[in-house]
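Each of the next two complexes has chain A plus one other chain: chain B in the first, chain C in the second.
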Partner chain A sequence: MLEIRSIQKTFGSQTALDAIDLKIEEGEFFSLLGPSGCGKSTLLRLLAGLESATSGEIYWKGQRIDQLPARLRPFNMVFQKYALFPHLSVAENVAFGLQLKKVALAEIRSRVDEALALVNLQGFEDRKPETLSGGQQQRVALARALVNRPSIVLLDEPLGALDQKLREKMQADLRLLQKRLGLTFIFVTHDQEEAMILSDRIAVMNAGRLEQVATPRELFENPSSLFSARFIGGRNELSGRAIAGGFEMAGRTLEGISRCQELSQRGAGASVCAFVRPEMLRVSGMSEGANALSGRIVQILFRGSKSEVMIETAEGVSLRSMMDPSEASSLRVGSEVALQFAPHDTHLFWAGPQ
Partner chain B sequence: MTQDKSAVRFLGWAPLTWYIVFLMFPLTIVAATAFATRGLYGGIEWSFTPANFARAFDPLYVSILMRSFLLSLGTTFACFLLGFPFAYSMATASERMRNILIMLIAIPFLTNLVIRICALKAFTSFDGPLASLLTLLHVKFDPYALSQNGPLVAFGMVSTYMPLMVFPLYASLERFDFTLVEAAEDLGATFWQIATRIVIPSLKGAMLSGLLLVFIPAMGEFLIPDLLGGAKVMLAGNLVSEQFLKARDWPFGSALSALLMILLSLVVIAIRRLEKRVQ
Partner chain C sequence: MTERIRPKAPRALQMILPVVLLALYLPLVVMITGSFKGWTLDWYIELFQDPTLFQALLRSVMVATSSATLSTVLAISAALALEKFVFAGRWPMRILSTISLMLPELVLSLSLLSWFSVLHWELSLATVVVAHITLVLPFAILIIAARLTSMDAAVEDAARDLGAGEWEVLSRVTLPLLKPAIISAFTLSFLLSFDDFLVTYYTNGAGNDTLPVKLYALMKSGLSPKVQALSSLMLLVSVGLVILLIKYRPKEGPES
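After this line comes the complex of A and B, so read on.
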């Protein structure tokens, strides 16, 4: 297990990482997700040993490793722009780490072959990196890390420079490879969709802090903060005030909603945001029941497996609902509908000081 | 497309003509003169003889050549040892600092050599500013040892040729991808392994350019040793110039120049060979 204990990192007066506590299990595909500048790459570089923490400790299998230089850590990194050695061939690039460890020549050969086979690059041994496509370079970088049999593979936005199609292919390959080899992957990305597809668990980061650490599903269904709710998946937001056991907006109330930790300390009257995913917002005929707002359908967009229905409420808020196309076929643009906010799908977040 | 090519070919003629008329032709005259004999009153007598070349291998002249060679070699290594860290810090400095450093190294380079050397000579002269300053600070020193000495020559040589080393190294380091260093570190490389396996191979071309750019002109240098070292030793450069200007032995001067050129060409070829083998 990798254990990160109250890691802090400052660059001058800038705090890049603030009190990070994290445990990552062996064999896990773990993603660090956040917008640029949130500290996710800095955390990865700290793990690699390319940066040193201002304070805090890192343990691997119970051993403290944060004072070890990068070269002595049992981790290998896949860099964002691959960082392949331009003067060495593909095979020499992959063999580099083994040569430094004075591994026997015959073993180097077989392990390099094995690593290149793993990433489907047989026959490219003697090519120079500059003659390869982005995706191929990416795979050489991966082979160069894997060949050392690292305990953890650190990946810094490795798919960022690839086009969409190749990216999707590499995502599937990466996930398959990780499961097959049973390795621990720590993956940095700013792409929430990519993190959702690949990861066993995701740490959402914001301004040097961990917002939430959870499985993709948990993050989608139960975001613990407005930031992580907004960062992952689609969103509908209503701003209003907290009342006992619910939410109030322009005289209308949504009840039975109490799902937010940070609100409990603030109590009634605080300005809050009611959050519901488009997938969870139910649109029905005219019968306006409890926890519902009325609105008018502005637009219906067909998105293949889903239809997106855009509604404007009587209060002038624009909301979106995703539903099965068969369900949407009974709806018409311009008709009045009721929007149902199911208590267990609606989340209240403190809207912050305003 | 074909028109473009012929235009390019036409443009190529100008430098080629220049090269032939102003370089190859005079060099041919030098080569021809090298086989002539000195006339009684300093002219050229056109009789074919290899005697000038034989004379150049006199131990006296060989030792002069060796002295030049060693001075040039020393200058080259000193320039590299000092220039590499300088180029490195230039390439990794902030943009503001980088511009200041470029100016610092370029301005002396743009000042006339003679002016710069004479200024240094004046500064360190018997009753110059340096001597006055040392007296003022009550530092005991030998007033005769301040100027016209070896260290001053070395300083003059290194400071003059340093930019020729720094600029190619800087240009190459500036484009160097420093994440390669991190990648090597991550893969288990020590400081020396990073230097020898990653940095030096990536900068090989620039390093060889820098070494040659310093070595070749330094080999013919005699002004700096003369002005700062007190004209106590003869070097290849002033040996040649004296044949033309003082001894008026043009054939021997020509033979010496030809030999120097051959020697330098051999050095260049050897280095290029070395470069290929490293690859």
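After this line comes the complex of A and C, so read on.
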């Protein structure tokens, strides 16, 4: 198990990481997810030993490793733009780590072959990195890390430079490889969809702090803060004020909402945000029941497996609902509908100091 | 890409470049033709039969090789220090290391001459080498530092991550990637030193004439075809080296 204890990192007067506590299990595909500048890459570089923490400790299997230099840590990294050695061939790139560890020549050769086979790059041994496509370079970078049999593979936005098609294929390959080898992957990305697909668990980061650490499903269904709710998945937001057990906006109330994170200590009257995923927002005919707002359909977008219905409420708020195309086929643009905010699908978040 | 039709420059302006080029190269053509005066190679043969000239050539090559080698090594160390490490006084040192490019050569020569006399150093080829290093070092530093700044630092991080210590990073990654810049720096240093007259003239002492100084001495006794032949040969060496440098320069970044 990798254990990060109250890691702090400051660059001059700027705090890049603030009191990070994290435990990552062996064999886990763990993602650090956040917008650029949130500190996720800095945390990865700290783990690799390419950066040193201002304070705090890192333990691997119970041993403290944060004072070891990069070369003595049993981790290897896949860099953002691959960082292949341009003056070395593919095979020499992959063999680099083994050569430094004075592994016997015959073993180097067989392990390099094995690593290149793992990423489907047999036959590319003598090519120079510059002659390879982005996807191929990416796989060389992966082989160069894997050949050392690291305990943890650190990946810094490894798919960021690839086009969409290739990216999707590499995501599937990466996940398969990780499960097959049983390795621990720590994966940095700003792409929430990518993190959702790949990860066993995700740490959502914001401004040097961990916002929430949870499984993708948990993050989607039960975000602990407005930031992580907004960062992952689609969103509908209504702003209003908290009332006992619910939410009030322009005279309308939504009641029975139990999912009130970080609100209990703020009490009634605090300015809050009612949050519901587009997938959870029910659109029905005119019958306006409890916890419903009325609105008018502005647009219906067909998105293949889903239809996206865009609605404007009487209060002038734009909302979206995702539903089965068959369900959407009974709806018409311009018609009046009721929007159901089911209590167990609606979250209330403190909207922050305004 | 399709070719774009660009507006034509006025005719008068179009004439400027050919005139400038003519003004530049015509004297060279005159000199080279002069060296074949009487349409013979006799002047060249005379050159090669002159032992003092041969010695001067030898001195020039020695001086240029030594100062180019030493200044390249110094420039590599200086550039690495300036670009890779953070230390107090880094900025002033970076500025000081290149500002001497702008010193008038005459001022440099005179200051060196007085410095050597303060140190009680006998003027010799060694003082010439020292003087040449001060002359060419800024150029060499500039070339190598420029390559270092454009180099992706992540490549060095990758080497560390794969188990390289700082010396191994340097010898296996940084220096190989600097190779094109090192070759350029060496060649330019060699050329600057080989061609230099002024600094050499002030710092070489008696009986240590290099080729350019010798050429000057010869010229004082008149502009003979022999002088022109010698000049033509020096031109050939310089241009030849530059052509070699351009032709065999490894591509930027990855070497081939």
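Everything below uses one rule, namely that the second predicted complex is superposed on the first by the 354 of 354 C-alpha atoms of A that agree within 3 Å, B and C clash if a C-alpha of one lies under 4 Å from a C-alpha of the other, contacts with A are read in each partner's own complex, and residues count from 1 in each chain.
Keep this in mind: a contact is a pair of C-beta atoms (placed from the backbone, for glycine too) under 8 Å apart; a residue touches a chain by one contact, two chains touch by 3 or more.
Note that the structure is predicted; figures quoted are calculated from it, not measured.
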(Q) What does the overlay on chain A give for chain B and chain C, a clash or a fit? (A) clash
Q: Considering only the touch criterion stated at the top, classify A:L181 as touching first (chain B), second (chain C), both, or neither.
A: neither
**Q.** Touched partner set for A:E130, first chain B, second chain C, both or neither
**A.** second
(Q) I'd like to know which partner A:A19 touches here: chain B for first, chain C for second, both or neither. (A) neither
Q | Against chain B, colliding segment of chain C, chosen among 4-12, 58-66 or 238-246 | A | 58-66
Q) So which bits of chain A does chain B touch that chain C touches too? A) 48-50, 69-71, 75-77, 79, 81, 83-87, 96-97, 100-101, 144, 148
Q: Enumerate the contact residues on chain A facing chain C in the complex.
A: 45, 48-50, 69-71, 75-77, 79-81, 83-87, 96-97, 100-101, 128-130, 144, 148
Q) Of all residues in chain B, which touch chain A in the complex? A) 177, 179-180, 182-190, 193, 197-198, 201-202
Q: Flag every residue of chain A that touches chain B in the complex, lowest number first.
A: 48-50, 69-72, 75-77, 79, 81, 83-87, 96-97, 100-101, 144, 148
**Q.** Touching residues (chain side chain C, partner chain A) in the complex
**A.** 152, 154-155, 157-165, 168, 172-173, 176-177, 179, 253-256
